[in-house]
Each structure stands twice: as structure tokens, then as C-alpha cells.
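Okay, so chain A shows up in both of these, paired with chain B first and chain C after.
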Partner chain A sequence: MVLNVRKKQIEAVERMLHFHAQPGSQGRLSAGGGLGSNGQTTPEEEAYKVLILDAFTKDLLAPLLKVSELRRHGVTMHLQLHQDRQPIADAPAIYFVQATAENIQRIVADGAQGLYDVLHLNFVHSISRQLMEQLAGGLVKTDAAQRIAKVHDMYLSFSTLEAGLFCLNLPEAYRHINEPTASEAQIEAVISDVVDGLFSTLASQSIVPIIRCPKAGAAQHLRSHDHILVLFDRNFELSVMLQHPWTYKPLVHDVLGLALNKVTVEAPEPAGAASTVLKPPPKRQTFEVGEADFFWEASGAKPFPDVVTDLDQSIAKYKQAIEDLNRRTGADVDPNADPNELMQANTRGLMSAVASLPELTERKRTIDKHTAMLTKLLDCIKNRGLDKLYSLEDSAIQGKCDLPGILSVIQGSKGTSADKLRLAIIYILTVDQLPGQADADRMQQLLEAAGADLSAWTYALRMRRMNLMGRSQGVAPVASSSASSLEGLGGFGSVSGWADKAFGQGLSSITKGVKTLLGGEQLTAVTLALDTIMEGRALPENDPFMTFDPKAAPGRAGRGSGPAREAIVFMIGGGNYIEYDSLQAWAQRSQPAKSIVYGSTDLPTGEIFVKQLADLGRLTPR
Partner chain B sequence: MPPFGGQSIRDKTTEFRAIAERLRKEQGAAGPSGAVLHGAQPLGSGATQNGAFSQQSEAARKAARIGQGIHSTSQKLHKLAQLAKRTSKFDDPAQEINELSTLVKQDIQTLNVAIADLQSLSARTTDGNKQSISHSHTVVDNLRTRLKDTTKDFKDVLTKRTEVLKSNQDRRNLFSIRPDEGPSWQRPSSSQPQRQEQPLFGEAAFKGNMQSRGDDDAGPSSSERTPFLSQSSQQQQLQLMQPQDSYLTSRAEALHNVESTITELGGIFQQLAHMVQEQGELTVRIDENVEETLANVDSAQAQLLKYLNSISSNRWLIMKVFFVMLAFLVFFIVFIA
Partner chain C sequence: MPDDRSEDFWQAAVVGGQQTGITEAHLRKLRNNRVLLSLSSVTDFTASAQQVAKTIQQLTLFVATHRRDYVQPGRCSEGERDAIEEQVAVSIKACTQNVAKLKDGAAADVKSAAAQPGRQQLATHRLGMVLLLSERLQAIGSVFDQCRSARFQQKAQQEAAAKRRRLSPMSLQASSPPVGSRRQFPGAADVQQRLQFDESPASPDLELAPQQQAQLQQESLDLQRELLARGDAVNAVERSVREVATLSSLFSAQVMQQAEQIEQLYSEAVQATADIASGNVHLTKAIRYNTSTRKIMLVILLLASASLLFWDWFYS
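This part shows the complex of A and B:
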């Protein structure tokens, strides 16, 4: 069994949309015109219904199901719980909401108003006894209790972005957990949210894993056989959160702000159209990426120049397909052919052409989307000098620090202040010997001159001095093999043609600087730690990870039982795509192949994470 | 593992009902009139649902019926597809297929009418709110999409059937020669009766056929081969030929039928496709409209600002004009009058 959080979640949601009908009689309103695929459909399931969501579940469902898929399951409308809603006669309503007092009040009000005939309540995690009393009380008082058909706890409070990636949508968790001024209750609340989400994930997978976690930090608070759940605190390694990425998915996430599988790119403004007083809001394009996107899946983990090459190839392939199509339906008639046969062949060709058109337009749309995204990325790389930043940070993380280079970049004109700050903090976090007071002061001055918010810097510096975070001991990052980086150089020549046309000049000058980075696959500290755990390499006496086995007798810590095949890695305090990619690459490379699910409280971009650090810096008493 | 990962979902309906029941009793003690009211309504989930379904309005009932109709049609279609897939030449279920496809065709037509009916019904009951209207619109659209898909399947099945028929015919042509399609070299050799030249499964003819394609000069020589067949065997063939002929005509008829059905279906299909076209929401995300709303609000604000600007400049213009006119008025009154 391969772990697939996404599939499981979609299944659970679909079940909810069919009123939790028994699996035996489950049939779909199959719009796909089920020849054969259509099972027994009871009249009850033929009902058309409305779906009521709150903000949290809207975010949860958005990457999972499209509107058309909802339609297929008989949902005619999806409405916000706290919107003004109007009564809809003869339609049952499915509520999929969080169990909060506010939501409960609203549901009771809906029942009292009689907006819908039948209400099916589904709570995204679970409803407490107290809230249940409140719900029942309110409904009985308004004489609407009989409208409630079913009440379910869904245990689904996590949002899955890919088969092996989920997040709990708990923003700024890192800040909340590490806040020095937070009260015990606040931290408890955050932790219990995390526990709820994590429990949901495990419950929906129906697995009971062995829990491993490092011996310090917030992860230890989460006490809760084939599977391993590895818990990390974000302080285990911070630098990866700040690092500038060079592969496609992380770039889109970090630079373009990928969130819930959705990217919003501002279209380039037409030059010279700047009106004096009123500037129209910039036109935004929203793209969706995900499993359905063939290019995203194929090239997501490749470095930027390779992605450009891939796109080039995709365009060539698309053109080839169009040509084929034209040829098949075209006018070049063989004069010797039997006219009857010819007509038949032509008709058939036309039919297949018509059949393949939607697929081709879809492909065209995908290619256009990625062209727009890559163009925007290239702009950013050029303007912010991301290639230089990446190479400096990468070498710093690998222990080959280049202080003069870093200083010159901080002094330089390229890059935002946040970029420079990130570079400086990575330097502080990864350098073996803390720089002397003079060096630190100089760096601070340069940062100040660049207009950076210094609280994040001082926070990182202080944390490093207190040795609370930074490089985890014992797992030194391993430099990628030089063989693979040489291999990566092979396909480099063909970038030029299309790329120059599409992106104008300058690609080659940019990529020149990072040629050496091609194929440089990063092994993050988390990956290395996971390697140790899953291969069962650590000796029992110096195992830095604690083990909790829920199946073992209480009070006695069990030992991990050798190599495991499947693991859920959970990062408390935020994760990002660099780590995810690194884990997936490692899982595929290892023999036998492993199945890794990566999750975290949220997926902040580097910039947002720096802001969290800055907030922490301000809150920490000096 | 259950297909839905079912263990993770917990049904709390009974708990809810228990609490509601208890609270009702408490409330009932306080006010007896309420208790009577509550008591009249049965609680079990099944009863509630049945009640709900019996309360459904006409439109909903119609929609459900159409949905069921589409479902049963697609089941018939499934059967038809299985029949049509049979390529065997000897037990061709032509009769059955014809009946079934007429049935399906009628079904689709009635469903089409029913959907149009439903649409006009929901259009008539414009009792008010937008969400209710959009709900019924979506229901109609959804039904239409499903019917369109079913029609498409039907068309595919029929196309498949035509192909099977055609390939059967081709195969037959390969091994036998029909009167109207005989090789050209046989026509001029009128010295022999026509039937004699057409052995049904004769290898000779097959060979001759091949040869005649090879080179035309071989024609006369190969035509002499036909007399190899003895007179008696020719008689037999003649008898064999008779039912074969009627069989062929029935095949041709079947083919025509199927083809005409496809054309008709093409009409319906196109009509539906046209109507469904606007429903191009294949890739719309759930959170899309929220952001659209936001963008719309932004642009609305921009428009308002623009309007404000134009208004204020207009105001200035009006003032100026007014001042000029006033000045003229004063001028006229003072100097002319």
C-alpha cells in the first residue's frame, strides 16, 4: 500500500456528499455517461443538494474538488455559511463546517428560519459534547430539530495538496509556538489544533504509526507498524525555510506565492498606459497547478533551466501534434486511392481529430500557463538576482561559506531587503564559528543600509548564540555527487532557441552563473534524519530520536523495528516545497522505494517566514 | 480497508437525537403546548427523510424522475452496447438491436422533452430569490449534461454497430462476390449464364479475383476456369443464393436504419451541446468566485472614483457656464434695459 492522503480525503468527502450512504449501494450521478460504470443508484442519491462551507472548509475543498466535480455528485451550489443565504425549497443541505460556537449559532438560525428542508451536518474534525448540547438546545427551542437528518464527525481537518503533501492551514504556527510572551493556554490551543489535524490525518489513513521525534522542542509535547510518524520541530532546521529555491515547484511557491495549489500572477502592464490619477488595478491571472497538470508533475522537481528546456520540448511536441492533425485531415489526397475508402478514411480522421481537439486545447492551456509563470519567474530571477542568492546559500548550507560574496550581495543593488536578510540569517545559522563582533556589526550595518528589518536578524543571532537552533548535530549535510551535476549540463544547449524568443535576451547570461548548480539535489537535514530513522541505522544508545509506540504497553518505550517502508513526516511550525522535494527525491532514490508523506502546519514562503522571525524578535525582551 | 476509509468518520446522529429528545422533554415539562406539537412529528432519520421526499415540490419530483429515466436509459444502452459488440456473423441479433435502439431513441426524445418541460416549469415559478432560481437552473443544466453524455454514448454504440456491420460485409465480400460487385472481367464474358460465374465460397473465384487485380491480360484465361464447377453444384448454389439475397437486403436495411438514427441523434446531440455550451465551468475552483467578487468590488470602486472625478469636473463646468450667463444677464439688465 502506498500512502496517498489525497485520495483518501477525496473518498471521504465524496462519501459525505452522498449522505454517507452505505458503501454497498454507493452510486454516483455519473455524468461520464457510465456505460458499465454506473452502479445501482437509489432515488435518494439522485437528489440535488446544496453544500454549505465555512472559510476553513472552503480552503480545504478548493484544491480537492472542482465545481464540475461537485456537480457530478449532485451539488448544485456551494455557499458560504456566513453569507446571506436565501431559502431553497426541496433541496437538502449538506453542511461541512468547523465546530465552533459561532458556526453552531448560525446553523441553529438556519434551522429556525427553515432555509432548507433537511440538514446534514458534517463537522470537519469533531463536535464536542458541549457544542452538541448547544446545537440541540437551539434547534429544539426553535422547533427545528427534526430537520437535522444526520450528524457526523469527519476528522478531515487537513488539506491535501498532492498525494504526499498535506498541511493543516494553521498560519504562523512557528511564531505562535515560539512566542516568548504567549501564555500557557495560548500555546496549548495551538498544540491542540496541531494534534487535531495530525490525528485527522492518521485517522483518515486508518493507520497507527510508531512515533519518532527529536528529544527537544515542541515536538516532544505531542504524545499521542509499518508506519512511522516522524515529528520535527521547525527549530530542528531553520535555514531551509529561508533559502532561495532553484527548482521549479519551490520557485513557484517562494517567488510567486503558490497557495492551495493556486498561483496568482500579475499580468505585465502595458507600457506607457499609466494614467495620471486613476490606475486600474493590475490584471491578475490565476493559475491552478496540481496532479492534473502534466507539465507540473513532470518538471516540478527540476532546476529552472531544465524546466525551460522542458517547456521548449513540450511546445515542439504540441506543434508536432497539430501538424499531425492537419495532415490526417488535410487535403493531400492520394489520386490512386479508392474514393470510397478515401472518404471513409477521411471521415474517420476527422472524427478522431474532433475527439482529440479538447485534449490538445487542454495541453495548449497548460503550456500557456507555464509560459506565463516562467516568464514571471525569469523577471524575478533577473531583478532579484535569485541565482546568485541560491548559489551562495547553497554553499553556505553545505558548509563552504563565502563571506565576501555574501557581503557583496548584501551591498549590491539587486534583490529586496528581505532577500538580503534571508541570506544573512542563513549565514548566521549555518556558519561553523560565529563571526566576531566586528564582522557581525559590519553585516548589521550593511543590512540596515539595505533597509532590512533588523529584528529578525537579531533574533536569529541571539538564538544562535544560545545554541537553541541552527545546525542539528550529527547529521552533516552531504554534498551532492559531482557526477549528477555533470550529467545535468548535457541538455543545456537547447535552451537558447525558444527561450530567447520568449524571454528575450538575458537567459543565457543568467543561467551561465548557475551552470554548476544544475542537478545539485539538496539533501536537507530532515531528509538525512529520516534516512537514519528509516534505515534503522542509529544505535539504540545514541539514538537522538525518541520512540513512542502506541501499540506497545504504556510506560515502556518500544524500539523501532528496523527499516520501514512508509513514513509520515510532520513539521511543526511550517514546511516548504524544498523539503518536500528533497524527501520525495530521496524516497524514490532509495532501494527499495519508500513512500513518504510530508505535512506541516502551514507552508509559508521565505518572506513570510522572515516576517515571523521578525515578529518574534520584536516580542523577545532584550 | 473499506473503500471510503470509513472508520475515520463517526456518526453522531444518535447522540444528537438523544440530546434533542432529553432537551425536548425538559422543555415539554415547562410548556405542554410545545410537547404536543413535537410529539406529532416522528423523529427517526428514515422517517424524516421520507417525509422530506414526500414534501418535495413538483419540480424536484420531475427532476428526480428525469434522473431515473436517464439512469434506466443508460442501463439499456449498456445492454445495447454488449449486443452491438457481438461480431459473430451467424447469430446477429439484428431484431433485438433494432428494437432496443428504437426504445432508447424514444427514451432520449421523451427525456429531452421532459427537460424542456422542467425548464419552463422552473422558469414559471419565479417566486423570488436568486439562489433558488440558480439552484433549479443548475439542476436543469446538470440533467441536460447527463442526457447529452448518454446521447453521445448512444451515438458511439451505433457507430460501433455500423462498423461491425460494415466489417462483416467486407469480410463477406472478400470471400464471395455479389452480382453487382463482380470483377469487371466477368461482365463481358456473356457466353455463360451470370450465376454460373459466381461461386459462393469457391476458391477459384477468389484466386481469379486476385489474379484479375494482378494483370488484366489474365482475364480471358481465368474466365475459362469457371466451368470447372459441375452443373449440379451450380444448381445447389442457386438454391443457396436465394436466402442469402434476402439476408443481404435485410443487412443493408439494418445498416440504413442505424445510419439514419445516427443522423437524427446528431441533431439532438448538437442541440444539447449548444445549450450546454455556456456551462463551461469544467475547471472552476470552489474559491474562484470569492476572489472574483473581490476583484469586482475593486473595479467597482475604481469606477466610482472615476465617476466622482467626472462629476466634480462637470460641476465646475456647470458653475463656469452659470457664472458666464449671470455675467451676461447682469450686462444686459444694466446696460441694455
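This part shows the complex of A and C:
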């Protein structure tokens, strides 16, 4: 069974849009009608509905279903919950919202106003007992309880971007978890959000995996199956988040800001435009990318120069197809041909041409879109010198550090200050021997001269130094996520129990030094760790990963057994397209092919992540 | 795996009702009446839209069940196929007309909603329904168009095969000398071929009897006349076929045009709804600024008059 998170989520949402009806015998969906009524309302009577969303579900549905597809399922329009809505008397309304107190109040208000005929409530995760009583009480008071047809807990609080990539849309999770000043309640809240999201993901796939994680995380004991859920903390490998990418998908994500499968690009200035006083503002275009985009799927994992050649080839193929089309529709007529034959050939050609025309226009649109994106990427790469940054970081991660090169780039004029900061932090995190105080100071001065915010730098330096000071003295595995203060490191304050153990292992354990394969493909630390886990091999050092096998007796963490075929990898604190691509490439290469789903709390770009590090640096007392 | 919590909701509603003095029986009665109320409160527009949707669904089922018979050769006679085509064409035409009527109704709603802002979303909802219907109609229209084109292609192929079959026995007989009865050949090429073949074996015997020559000439004139007649008939058939093809493409083009118009109207309506929402936001902001400005002006005036009075008193 190949794990396809996106398909399962789409199926669940479509079922919801058809009122959770059981599919009929002839494939017609007979809707379940009102609460408790046995009347078979025919599909036509429930055919036109209004969909009410809130901000979270809007982001959830955006990469999943387009408006035209919603319309195919009978949704005439979708509105926001907290918007002023007008009555539409004879339409059923489907609510797909989070179960918060605010939303419940609004639903009660809607019911009291009698905006819609019948309400079907679907909560993204699940509604608590208390909120349910609040909802029911409010509705009964306003004489509207009978308008509620059904209430469902959807368990869908995650957003899928591709078949094997999901994201929980919890921004700044890394900062919240690693904040030294975070209260226990705050961390508990973040963890419970993560648990909800993970549970939803697993529930939607109807699987119950063996769980392996570097420490006792939010594991739940469920039924057993042949899957593995591996939980990682972001501190396992920080450098991949800051790295400048060189393959297409991660480049678009990092440089152009890919979010929810949408990219916004400013149209480049037309060449030769005179600089008038009133220049028209640059046109912003929003593009959508995803699995339906043939070029995105084919070239997503290739490095930048290869992508450009691919695009050229696509353009040539398209031109060829257009010429074929023109020939077939008889634009050039052979005068010697038999007129009857010509007529027949003409009609045949016309029909096939008309049939293939929409497909060709679609292809042209895709090619135009990617041309615009690649042009913009090229501009950015030239302006910021991203190729140099990439090669320096690549060599640093491989262990061949080029310190003079790095220093010259930091002093140079190309690249924003954030870029230089990222380069410096990657150097600090991956260099074998931590530089002495003088070198570190010099680098700090250069960074300051370049205008970078130093809090992130100092934070990274401190974390690295901490690791080298050795922190293996008796840190007991923490079962909960409460912040614990470490006596052995006076002055650092309280750090959440996650960061220290995982971070220490991340740098000095099995995955030190990321390997780069031929062709520039990079194996991230996560991929190497996953390789070890899924092969069921014994790890060289003491197993830093705890295993929770639902089949084993509860309460005991045993060892993993045998190679597994499917895995869900979850990264707490933020994920990245580089990791995702690396995992997918490894999965397809391995014999037999494995199926991996990758998810994280959110997908920040390198710059956003640097900001989070900077915030943490500011909050950490000296 | 969504969880159905409707029972929990009902329990909570009963508990809530008990707290406010509403009995469970009363709640149950309300719930049972709800379905009846829903059915009776359906507006005319929605009712007719549902009717059209039902018709389109029946049409889809009809095409689906008869598609195999229609497309595959040899399962249906031509007459049956024509009957199916006619039925489908009538149905599509009727649905198009109904959808056009609904569209007019929805467009009128949009115009009246400009005057009464409270009905904007309702108008958008109705336009959405019409758009949905036209999309479904377009889908079934294009499916049927494909069936028709398949049928015509088959016809064309059959014609070509028949032509070739008639050609090959003629080329076999062309080498045989009898000048007598050869009646059934179509194209001019065959006649030429025949005459050529005829001439070559005839060339060694140059003195043909004059009656035979006259006979040959007569027959060739007959053949020519027949050929011309057939050519005319073929042209006529071709013309009518092309007409039918253009008609069918016209159908789908019409529906598509309608769908485009409706889609445009719908997107404008959605845009209008969004604009109204943002307009509301702007208005509330403006009101807030106005009130705050007024308050500030008031305070300044009071202060100014107070200071005037103060200075006046001070210096008097």
C-alpha cells in the first residue's frame, strides 16, 4: 500500500461535502437527510450548498481543492465564518471550522438568525464535551437546535501539499518549543497541537504505526501495523534549514516563497522601458504549482541548470506539437490529392485538433508560468550570488570547509545580510573544530559590518559550544515536555528537555557529515537516520532512538524488528523541501522501493528560520 | 475516519433544554417538523433549479446506458441511432432553454441586489447554482458530441472500405476481354483503368467491328451519365453531413458560450461580495476616524475656550 496522504484527505473532504452519505448501490449518493429522519432525500434536493470556513480551514483546503472542483460537488460559494453573512433561506450550509469557543459562539449566532435552512457541522479536529454543551445550550435557547442536521469530528487538522508531504501549519513551532522563557502551559499547548495534527494524519490513513523517536515524545499506544512513525526534533540537524538550495523545488520555496503550493512573482520590467515619472507598479502574478503540473513533477528535484535545459526542451516539444496541429488541420493543402480523401482527412484532422487544443493551451500556460519563475530565480541568483553560497555551504557540510572563501563572501557585496548570516551559521554548525575566540570574533565583526543581526549567530555559537562541553552527565529521559533546568550548565537557564539530548546526539552521533552523492544530490541527516531505522540494523552507538511498539507490552520500549516498508517521518520545529526531496529520492532508489511521507509543523524558508533563531538568541540570557 | 457526534449533540441539547424548561418531547417535535418546514420553504427558483438538475441527471443516465449500443458498430440500426440522437438533441435544447431562463432570473436578482445590499449573497448563490447546471450540461453535451463524431468516423471508414472492396474485384476483371455487361462500378478512375486495359489487349486487333465500337461508345456514354449522377448524389450527402456536424458543434458551442457568460457573471458577483465586505471594513474605519476626529476637535475647542477665559481673567 503506497501512502498517499493527499488522496485520503481529498476523499474525506469530498465525503463531507456530500453530507457523509453512504455511497448508494448505483453509485448515486443518497444524502442522509435531517437528524434522525428516515426520509430518503434525493441528491437533487441537497445539491446546492454553501460552505462556511474559517482561516485555518481555508489554508487547509487551498492546496487541496480548487473552486471549480468544489462546484462540481455542489458548493455554490464558500464564505468565511467571521464575515458578515446574509440569509440564504433555502440552502443547506456545511460548516468546516475549528472547535474554538469563538467559532461556537458565531455558529450559535448564525443559528439564532436563521441564516440557512439546515446546518451540517464538521469540526476540523474534534469538539470537546464542554464546547458541545455550550453549543447545544446556546442553540436550544434560541430555538435553533433543530436546524442542526449532523455534527462530525473530522480529524483532519493537517494540510497536505503533495502525495507525500504534509504540514501542520503551526508557525514558529521551533521557537515556541525551544524558548527558554516558555512556560510549561505554553509548551503543552504547542505539543498538544502537534499531537492533534499527527493523530489526524494517522487516523486519516487508518494506520497505526510503530513509533520511534529520539526521546519519549507524544507517543500514543494504538493498534499495530507494518508502518513506522519516526519523530525528529529540529535540533537533530539545524543546518539543512539554513542551507541555500540548488534544486528547483527548494529554490522556489526559499527564494520565491512557496506557501500552500502558491507562488507570487512580480513580473519583471519589460526591457527598454523608459523611466518615466509615473512608472506603473510591477504586476504581481500568483502561480499555483502541484502534482497536476507536469513540469514541476518532472524537474522538481533537478539542479537549476538542468531545469533550464528541461524547459527549453519542453518549449521545443510544444512548438513541434503546434506545427503538427497546423499540418493536420489542412493549413497547407496538397493540390494533387484526391478531393474526397482530402475532405475526409480534413474532418478527421479537425476533430482531433479540436480535442487536443485544450491540452495544448494548458501546456502553454504551464510553460509560461515556469518561464516566469525561472527568470525571476535567475535574477535572484545573479544578484545574491546564490551559486557561490551553495557551493561553499555544500563543501562545509561535507566537511571540506573553505574558511577564506566564506570570509571573502561575507565581506563581499553580493548577497543580503541574511544570506551571509546563514552561511556563517552553517559554517559554525558543521566545522569539525570550533574556531578559537579570535577567529570567532573576527567573523562576528565581519557579520556586523555586513549588517546582519547577530543574535542568531550568538545563539548558534552558544549551542555549538554547549555540545562540545559535553552534556552527557545524567540527563534522564524526560517523559513529558516540561522545561527542565540543567544544574550542570549554570547560566544557561532552563532549556526544554528536548533540545539538549537531541541536539547533542545530532552532532556527535551516527549522522555526522552529510554525504553528497553523484549529481549533487544530498543525503540529509534525516535520510541517513531513516535508512538505519528502516533497515532494522543495530546502531553503532547506544541506540539514541526509543521505540514504542504497540504490539509489545505497554510501558516497555523495545527494539525495532525487521525492515519496514512504509514510514511517516515527522519533524517537530519545521521542515524543508531539501529534506523532503532527499527522502523521496532515497525512497525511490532503495530496493524494494519504499514509501515515505514527510511532515512537519510548518515549512519556513531559510530567512524565516534565521529570524526564529535570532528571537531565541535575544530571549536567551547571556 | 470522521466521528459522528450527532447523538452527543442531541443529548447535550436535551440537557440544555431541561435547564431552560423545554421538554424533550417538545424538542423532538421541533426536530421532526424541521424536515417538513425545509421542504415547504423551498423557493421557486431553487425548485426549478432542482428540476433541471434532475433532468440533466436523467439525460446523463440515458446517454450512459445507450452509449455502448450507439457507438459500437452493428449493435443498433441507423434508424435507432437517429432516434437516440433526436431524443438527446431535444433534451439538451430544453435544458439549455431552462438554464437560460434561470440565468435571467439570477441576473435580475443580482441587479436588484445592488439596490438591496442584504440580498447580495443570495444572488451569488443563485448564480452559482446556474453555473453548476450549465457546467453539467456542457459536460454531457461534449460527451454526446464525442459519440456522434465516433459514429461519423465509423461511417466514413465504412464508406472507404466499401469503395476499396468495389475497386479490387474490378481490377481483377479488367484484364478479361468481354466487353459486355459490366455495370456496377463507381469512380472515374475505374472506368479509365478499364478502358486502358481494354485498349491494350485490343491494340493488336485493330479492326474492331463498327457495331462493337458503337456499342462501346454507347456504354461509355451511359457510364458517364451514371457517374455524374452519383457524383451529384455524393456531393449532396456530403453537404448534409457537414451541416449536421456544424449543427452539433453549434450545440456545444452555444452551451459553452452560455457557460462562459454565466461564469463571468458569477465571478463578478463573488467579487462584488468580497468588495462589499472590504467596503464595510473601510466604512467602519472611516466612521471610527470621524468620531475620533470629532472628539479631538471637541476637546481642543473646550481647551481653547477654557484657556481664553483663563487668560482673560488673569489679565483683567
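In the analysis below, the second predicted complex is superposed on the first by the 512 of 622 C-alpha atoms of A that agree within 3 Å, B and C clash if a C-alpha of one lies under 4 Å from a C-alpha of the other, contacts with A are read in each partner's own complex, and residues count from 1 in each chain.
Here is the rule we go by: contacts are C-beta pairs under 8 Å (C-beta built on N, C-alpha and C of every residue); 3 or more make two chains touch, one makes a residue touch a chain.
Just so we're clear, the structure is a prediction, and the values are computed from it rather than from any experiment.
Enquirer: Following superposition onto chain A, is the placement of chain B relative to chain C best described as a clash or a fit?
Expert: Aligned on chain A, chain C clashes with chain B.
Enquirer: For chain A, which side has the bigger count of touched residues, chain B or chain C?
Expert: Comparing chain B with chain C, the partner touching more chain A residues is B.
Enquirer: After lining up the shared chain so the two structures overlap, which partner does A:Gln591 touch, if you call chain B first and chain C second: first, second, both or neither?
Expert: neither
Enquirer: When the two structures are overlaid on chain A, which partner does A:Gln437 contact: first (chain B), second (chain C), both, or neither?
Expert: In the superposition, A:Gln437 touches no partner, neither chain B nor chain C.
Enquirer: Regarding the shared-chain residue A:Thr286, is it in contact with chain B (first), chain C (second), both, or neither?
Expert: Once the two structures are laid over each other on A, A:Thr286 reaches chain B alone.
Enquirer: Looking at the overlay, what does A:Met77 touch: chain B (first), chain C (second), both, or neither?
Expert: Once the two structures are laid over each other on A, A:Met77 reaches both partners.
Enquirer: Please work out whether A:Lys8 is in contact with chain B alone, chain C alone, both, or neither, and reply first, second, both or neither.
Expert: So A:Lys8 only meets chain B here.
Enquirer: Is A:Ser413 touching anything from chain B or chain C once the two structures are fitted on A? First, second, both or neither.
Expert: A:Ser413 contacts neither chain B nor chain C.
Enquirer: Using the touch definition from the top, say if A:Lys262 reaches chain B (first), chain C (second), both or neither.
Expert: The answer is first: A:Lys262 touches chain B but not chain C.
Enquirer: After the superposition on A, what does A:Asp153 contact: first (chain B), second (chain C), both or neither?
Expert: Both: A:Asp153 reaches chain B and chain C.
Enquirer: After the superposition on A, what does A:Leu61 contact: first (chain B), second (chain C), both or neither?
Expert: Touch status of A:Leu61: first partner only.
Enquirer: Identify which of the listed stretches of chain B (235-243, 271-279 or 307-315) has C-alpha atoms clashing with chain C after the superposition.
Expert: 271-279
Enquirer: Do any residues of chain A touch both chain B and chain C, and if so, which are they?
Expert: On chain A, the overlap between the chain B and chain C contacts is residues 12, 15-16, 20, 33-36, 43-44, 47-48, 50, 71, 74, 76-77, 79, 85-91, 117-118, 126-127, 132-133, 135-137, 139-141, 143, 145-155, 203-204, 206.
Enquirer: For a test of understanding, state which residues of chain B touch chain A in their complex under the given definition.
Expert: Residue list for chain B touching chain A: 1-13, 15-16, 19-20, 23-24, 27, 34, 37-38, 41-43, 45, 48-49, 52-53, 55-57, 59-60, 63-64, 67-68, 71, 74-75, 77-78, 81, 128-132, 134-135, 138-139, 142, 145-146, 149-150, 152-153, 281-288, 290-291, 295, 298-299, 302, 305-306, 309.
Enquirer: Inside the complex, what are the residues of chain A that reach chain B?
Expert: 1, 8, 11-12, 14-16, 20, 23, 26, 29, 31-36, 38, 41, 43-44, 46-48, 50, 53, 58-59, 61-62, 65-68, 70-71, 74, 76-80, 85-92, 117-118, 126-127, 132-133, 135-137, 139-141, 143, 145-155, 200, 203-206, 260, 262, 277-278, 280-281, 284, 286, 288
Enquirer: Using the touch definition up top, name the residues of chain C that touch chain A in the complex.
Expert: Answer in residue numbers: 1-6, 8-10, 12-13, 15-17, 19-20, 22, 27, 30-35, 38, 41-43, 46, 49-50, 53-54, 57, 118-122, 124-129, 131-132, 135, 149, 152-153, 156, 160, 238, 242, 245, 270, 273, 277, 280.
Enquirer: If we count contacts the way the header does, which residues on chain A are in touch with chain C in the complex?
Expert: My answer: residues 12, 15-16, 20, 33-37, 39, 42-45, 47-48, 50, 71-72, 74-77, 79, 83-91, 117-118, 122, 126-127, 129, 132-133, 135-141, 143, 145-155, 203-204, 206, 343-344, 347-348, 351.
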